[in-house]
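Two complexes come next, and they have one chain in common, chain A, joined by chain B in the first and chain C in the second.
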Partner chain A sequence: MENLGVIISLIIIFGGLAWLFWRSVQGREVERRIIFVFIFVAVAAPILFPITFEEKATPVVKSLFDKIESLPEKSKVLISFDYDPAMQPEVQPMANALSRHCLEKGHTVVFMCLWATGQSLLTATLESVIKPEFPELVDGTDYISVGYKAGNEGVLNVIVSDFIRMFPTDINGTPLDSTVIFQDIKSCADFDLILAVGGGRPGPKEWVLFVGDPAKVPIGVGVAAVVAPQLYPYYPRQVVGILGGVKGAAEYETELAAAHPRFDEVDKPGLRMMGPQTLAHMVIMAFIVIGNIAMFRARRKAE
Partner chain B sequence: MKRSTYLVFGGVVVLFALSWIFKSSVLEDGVYSNVWEAFKVTLAAFLTLAIFSFLYKDNPLYKFAEHLYVGISAAYWMCLAFWSTVVGNFIPRTFESLSAAFKQPYQPSSWDILGIPGNIIYIIPVLLGIMLLMRLSSKYGWLSRWPLAFIVGTTAGLNFVRYLRSDFVAQVSSTFVPLLGTPDSVSVWSSFDLNATGPVVALLSNWVIFIGVFSGLVYFFFSKEHTGWFGRTSKVGIWVLMITFGASFGYTVMGRISLLVGRITYLFGDWLGIVQS
Partner chain C sequence: MRQTIPLFITFFIGILLIIAVFIPPFGELGETFTLFFDIMAVFAFFLGGGNLLRVHINKLRNKKPDWPYSIVTLSGFGLMLAAGLFKINNPGDIAAAVDTAGSLFYFMFHAAMVPLGSTMYSLLAFFVASASYRAFRAKNREATLLLIAAFIILLGRTPFGMYISGWIPDEVSLFQIPNLAVWIMNSPNLAGQRAIMIGIGLGVISMSLRLILGIERSYLGGDK
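Coming up: the complex of A and B.
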């Protein structure tokens, strides 16, 4: 039934594209709303009738995966949720996968956010991923959430030398200096790895500028696709790896499931979104080709 | 307003009510347990559709959703600024009794100035904040220039050092890449392998970085006329820039499609319940 749905959807999309091509070649205008309908169908069809593709981690994703994999047990990892609900569809899968991986490897994880809106998304990860999948882990001993602190880059500028000064308590109001985790963490320099997940400002770039480089702490980043190109120049010397957009998330989920089979059964939203992504990109590429053919044809006619 | 507008508006209200009732009945023995949850899911779905309706053309439903978003955002950020900055950062460092009232742990100063607790220094940002608000007054508006100058000065100073280190020195350093093979990979060509992580591809990447940076810099060098070999190198620079913009655009498309996938998944999953959300 699903295959039939996929086939019908593909026939509708590509049949429609052929019709558009014919119209364009004849020099007739294409209403912009028709283009919106095509994009909607290209995105909606693979959601209704899921299409999945094989993903293989690229070196830039694999290096971050290998870094977490190679850290000794009980390493201290900081994960910062610096994004908002608008970025959630593409960034939350990365945050979930990275959190799963760190806790599965037995690392001690500190969660925080530089965006106020990140707080509720961090809570979603804690409630829907960490607590159900790692019930044996203890809040405050194996992981801790220190929540949000206002101040943007100012916060980074302080925690690079004194973490507790900026975050005196965790999210539940427990003084950090009384927790097991913070007995040997004084500043960001005491972390073995920092994972900055986000896409705006302050975000992964600011983590590199204000914490990674000055404190010489390895930083891995998971970023919204829009800002991914800005982070690539930092790889591999200033960041250990980059998850760029939903493609990066899908690659990471695949790698995680391959290395830790118990995660093969959990939901993989990154991988799930690659179907609509692929089909929508094919449609957009077809539009570019059709548009160019029509333009060159019109230009030749005019000459 | 035209009669058709009233009809459309009435139709939307009826559809909303039907959807809410239907969702409430479905949720009773499902994911949610009350009518209020059904209302929230339905409202979010209708607001999503109202925003999407702009793709057809501008309309009152879109305007309503847009204004609602702007108004709620402004109120949300104002409340958040109070709770996170005033209650979260200022009060715990200055007033012990207020800290207790807001259930914030008091952070006493670890140093003093002639017997006065060092926390008194936090009065300065409060004064600067008040001066910034003087912008609303035509008579004392000039006072707002001082805190503004402070903000510009500290931000520039702070960013200058960070950007100089990470975006200039470190990036220049990253451009010095081996072009003829690294000392530990002497046999680059003897073990020819086009694996993405192999030495041949790494070497080619180094050449791309070198040519890209060099030609890009030549393109932005305007003190010499872009003719001859200089002009040809500059043309390569333009191509490099165009490819970069293309890659950025590709990533942007991916990001935007992800957002659309997120909303459609919400509509089909949380609202209509026909797919897994």
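Coming up: the complex of A and C.
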């Protein structure tokens, strides 16, 4: 039934595109409303009738995966959730996959956020990923959430030299200096790796500028696709790897499932979302071709 | 006097923070000033909330265009504020996090704010498609280059990129479309981004110096 749905959807989309292609050969432009309908069908069809594709990690994703994989057990990792609900569909899959990976490798993880909206999304990861999948881990010993603090780059400027000065307690009000994790952590320089997931400001770029460079801590980033180009100047020396958009998340999920088969069965939203993204990209490319044909035909007619 | 005092504060703090960066004994000073900034940032929330209330109450009072939307804004603001402030339905005690799972705040955030935010962002797909159709036209040499780059990036962000070019041997794997997309990001894009960043950096330095030395005074308000 699902396959039938996929086939019918593809016939509708590509049949319609062929019709538009024929119109463009005659030099006729496409109305904006028609483009919207095609995008709607291209995104909706793979959600209703899931299509999945195989992924292979590109070097920028693989290098971050290898970095986490190669850290010795009990390494200290900080993960920052710097995003809001608008960015959440794109970057939450990365945050979940990175959290899974770090905890599976036995690293000690500190969670925090620089965005007020990030704390609820961080709680969602704790509730839906960490507690059900790692019931044996203890809050405060194996991982801890210190939540949100206002001040943007100012927060980074302080935690780079004194973490507890800015975050005296965790989200439940437990003093950090009484927790097992923070016996060895005084500042960001004590972390072995920092993972900044986000896309706006403050976000991964600020982590590199205010913490990664001054404290000489490697930074891995997961960002919305539109922000990824801005992070490439920092790769590979200041940023060890970049997960860009849904594709980056899907590649990471594939690598994680291949290296740790127990995650083969867990939900992989990155991979799931590659269906709609792939079809939408194909439709956009078809429209670019159609637009160019229409332009050349119209130009020739005018001559 | 109204100008001299702010100018003096800017000059004094600016010089002090520069010293704090370059002279180690003063390093702690920079951290302390950042803490002051963080405390002030918290007050920005009060300012933001107060301003939101003022704007929308005025809109309602004067029945300005689209005033019914202000009711929605004020109701949402009040409800979320009450849910967080009074920790309604929060399974933890008074010291528990505001968004503990099971609380009204957590429920409303995930039932309303997350889907609304995601919906707004997803609308971009429609406008990106329409804009791509109109903008990516091979009108001249530069536009053609942009078009080719966009095509490679779009294809490289889908599994089809690998399906189409997966047969290319690993020795020349750069020409596999996903790797070609990474190369575009990592070379031409990187060069452009670095140039922009260096430009911005120099601009920030010169603007900061203008502010510290009192040459730039527009932040004081007025034209003088």
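By our rule, the second predicted complex is superposed on the first by the 300 of 303 C-alpha atoms of A that agree within 3 Å, B and C clash if a C-alpha of one lies under 4 Å from a C-alpha of the other, contacts with A are read in each partner's own complex, and residues count from 1 in each chain.
The rule we apply is simple: contacts are C-beta pairs under 8 Å (C-beta built on N, C-alpha and C of every residue); 3 or more make two chains touch, one makes a residue touch a chain.
Note that the coordinates shown come from a computational prediction; the quantities given were computed from them, not determined experimentally.
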Q: Look at A:D192 in the shared chain and tell me whether it touches chain B only, chain C only, both, or neither; answer first, second, both or neither.
A: neither
**Q.** chain B versus chain C as contact partner of A:P214, first or second or both or neither
**A.** first
(Q) For A:N172, using the defined touch cut-off, is the partner it touches chain B, chain C, both, or neither? Pick first, second, both or neither. (A) second
Q: Give one of first, second, both or neither to describe whether A:D162 is in contact with chain B, with chain C, with both, or with none.
A: second
Q: Using the superposition described at the top, determine whether chain B or chain C touches more residues of chain A.
A: C
Q | First, second, both or neither for A:D66, with chain B first and chain C second | A | neither
Q. Touching A:F287 in the superposition: chain B (first), chain C (second), both, neither?
A. second
Q: State whether A:E127 touches chain B only (first), chain C only (second), both chains, or neither.
A: second
**Q.** Which of chain B and chain C A:Q238 touches, first, second, both or neither
**A.** first
Q) With the two structures laid over each other on chain A, which partner does A:L48 touch: chain B (first), chain C (second), both, or neither? A) first
Q: Across the two complexes, find the residues of chain A that touch chain B and also touch chain C.
A: 36, 39-40, 43, 58-59, 86, 88-89, 149-151, 157, 173, 225, 228-229, 233, 245, 247, 277, 280-281, 284
Q.
List the residues on chain A that touch chain C in their complex, please.
A. 30, 32, 35-36, 38-40, 43, 53-56, 58-60, 84-89, 117, 119-121, 123-124, 127, 147, 149-152, 154-155, 157-158, 161-162, 165-166, 171-173, 225, 228-230, 232-233, 235, 245, 247, 274, 277-278, 280-285, 287-288, 290-292, 295
(Q) So in the complex, the part of chain A that touches chain B is made up of which residues? (A) 33, 36, 39-40, 43-44, 47-48, 58-59, 86, 88-90, 116, 148-151, 153, 157, 168-169, 173, 175, 199, 208-210, 212-214, 224-226, 228-229, 233-234, 237-238, 244-247, 267, 273, 276-277, 280-281, 284
Q.
Show me the residue ranges of chain B that touch chain A in the complex, using the header's touch definition.
A. 55-56, 80-81, 84-85, 88-89, 92, 103, 105, 107, 158-159, 162-163, 165-167, 170-171, 173-174, 196-197, 244, 247-248, 251-255, 257-262, 264-265, 268, 274-276
Q: Spell out the part of chain C that touches chain A in their complex, as residue ranges.
A: 27, 30-31, 34-35, 37-38, 41-42, 44-45, 92, 95-101, 105-106, 109-110, 113-118, 120-122, 125-126, 128-130, 132-134, 136-139, 147, 150-151, 154-155, 157-160, 162, 178-179, 182, 185-186, 189-190, 193-194, 197
